[in-house]
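Accompanying notes for the structure given below.
Chain nomenclature is as follows: A, B, C, D, E, F and G, assigned in order of appearance, with residue numbering initiated at 1 for each chain independently.
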Amino acid sequence: MATAITPLGRRVLVKRSLSEEKTAGGIFLPDTAKEKPQEAEVIALGTGKDDEGKDVSTLFTVKKGDKVLISKYGGTEVKVNGEDHLIINETDILGIIA
Amino acid sequence: MATAITPLGRRVLVKRSLSEEKTAGGIFLPDTAKEKPQEAEVIALGTGKDDEGKDVSTLFTVKKGDKVLISKYGGTEVKVNGEDHLIINETDILGIIA
Amino acid sequence: MATAITPLGRRVLVKRSLSEEKTAGGIFLPDTAKEKPQEAEVIALGTGKDDEGKDVSTLFTVKKGDKVLISKYGGTEVKVNGEDHLIINETDILGIIA
Amino acid sequence: MATAITPLGRRVLVKRSLSEEKTAGGIFLPDTAKEKPQEAEVIALGTGKDDEGKDVSTLFTVKKGDKVLISKYGGTEVKVNGEDHLIINETDILGIIA
Amino acid sequence: MATAITPLGRRVLVKRSLSEEKTAGGIFLPDTAKEKPQEAEVIALGTGKDDEGKDVSTLFTVKKGDKVLISKYGGTEVKVNGEDHLIINETDILGIIA
Amino acid sequence: MATAITPLGRRVLVKRSLSEEKTAGGIFLPDTAKEKPQEAEVIALGTGKDDEGKDVSTLFTVKKGDKVLISKYGGTEVKVNGEDHLIINETDILGIIA
Amino acid sequence: MATAITPLGRRVLVKRSLSEEKTAGGIFLPDTAKEKPQEAEVIALGTGKDDEGKDVSTLFTVKKGDKVLISKYGGTEVKVNGEDHLIINETDILGIIA
């Protein structure tokens, strides 16, 4: 159905976590850093080939449901079913919150 | 016949969807994002070799008829049979709308 | 004879079509786009090796006589037998008009 | 548990040492250098693939617990359990303090 | 003897043709183009290895005596026996005039 | 012990020679050059992998104790046991003073 | 002895020829060119590995004693035994004067 987006290449569809000040897991994000990373959840992984024509299916480390830290200014905003999402390259994801 | 364009290399010919505010599939595009992605339909895939001389026929993930999200400022505008189209590199397509 | 130019590397010699507003084939070119593509005919393909030393003879997708869309500002202008031509890299050709 | 971050790719999670003026080991950091390096401890190594899709598990030289010198402006600040940390690319680590 | 220069790498020593307005072969060069190409004759090919350490002896398409079109601002001017010459990279030669 | 630094990757730890005006070996360094090279001694070679993940152990030409010429503005200053040192990439070392 | 410099990587130690206006070999250097090439003599070739870790011993085309044309602004000035020299990358040498 038309309510989903499959990112192309090594891109990932993520949804920002509601509260970025303090997360359930105890990760505090700094409020003074120039480039403030944000917590998000991975919704969908990309498909197809990257810029060099390499199949991305074996490239991803993150998986659906992972909580990740992303750069504040990374990615492109899209709405899926009325909710804000981001399409971001996996190499712009800083880390996985465990 | 002379009413079609075959893109060269890893380029794709797409046609923007009529309404970009709200699409049939329920994907809402944000109206405040600096780089607003747009919905479009894939009309034709490229042919030949890319900038590194690699055959593009095995590179494409999108296919004719796919609804895709493209960057607002990506691609070059062309008219085919009087209708606006865009020639855009596949790596500038953000995702496929399913 | 000395009335021809053989482009070097992956360059192509093209000649712009006379009317760019409306072509015989029904392709309309937009008059408001910032980078307006132009219709041209391929006159001669390049020879020799490209910047990486790769033989260009197997790289070309366009062939002599093809009608192509080129970027308005791409290429270098030269005159052959008093007529304006352009030497342009094949990777700067947007597509083939069929 | 949600109190840890696993960096992605060739990134490393480090924690700056408390006193940067004079460390226990006798390494004095200059106070006049334009780009002042800082001492930090490696908390966690990255996982997955780097920007070229290469598995990072065999790439790291530093290991958990290593005291390292990092560029003052390198990395992105994150808080883990309320404490300041940095996510930094291993290639931006200047050296290991032995 | 000391009256010759052997270019290094994929460079070529060329000598500009006397009249650039109209050449014997009927090639007219445009007088309004921003980057006006010029006609020149190949005097000597380079020797040795290029920037990547690749032997240049199999790379050249032009040969001694070829009339070529070169970019107006390409190359470095040198005098050989009191006459102006240019040392230019072969990849900056636009085409061969036949 | 904590009084040594092992550089990471293809970096080298060097210590500038005391007098840069005239060295024992007779090498005079120019005092008017815009980028004045400096004489230094190699204290320690780097370890691990470079930016491309290549093991650096077979890459170094300089060795411990070598007197080298380095670019004046290259490298990052660090203090080891209270003495000024530099961490510099080997490819920024101009030459070895014999 | 300490009166020599061995350049590192694909660098070459050269010494500018005394008179740059007119050389014994009849090569005149232009006095109006923006980037005026200069005549110099190769004093020593580099050793070790280049930036990509490739052994430079098989890369050099120039040899000790060669008269070469170098870019006026290329290289770094050093003094050896009180005389001005330049350390320059071989790929910045334009040609060999024969």
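Quick note on the criterion: contacts are C-beta pairs under 8 Å (C-beta built on N, C-alpha and C of every residue); 3 or more make two chains touch, one makes a residue touch a chain.
Per UniProt, the chains are A, B, C, D, E, F, G = Co-chaperonin GroES.
What you see is a predicted model; the values in this text were computed from it and never measured.
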Chains shared as neighbours by chain E and chain F?
G
Give, as an integer number of Å, the spacing between the C-alpha centres of chain G and chain A.
52
Report the inter-centroid distance (CA atoms only) between chain C and chain E in whole Å.
23
Please set out, as single numbers or ranges, the residues of chain D touching at least two other chains.
50
For a quick check of the interface rule, what order do the chains take around the ring, beginning at chain B and passing next to chain C?
B, C, E, G, F, D, A
Seen from chain E, its contact residues with chain G in the complex are 1-9, 11, 13, 46-51, 53, 76-82, 84, 87
Which residues of chain A touch chain D in the complex?
23-30, 33, 35, 37, 50, 54, 58-62, 67-69, 71, 90-91, 93-98
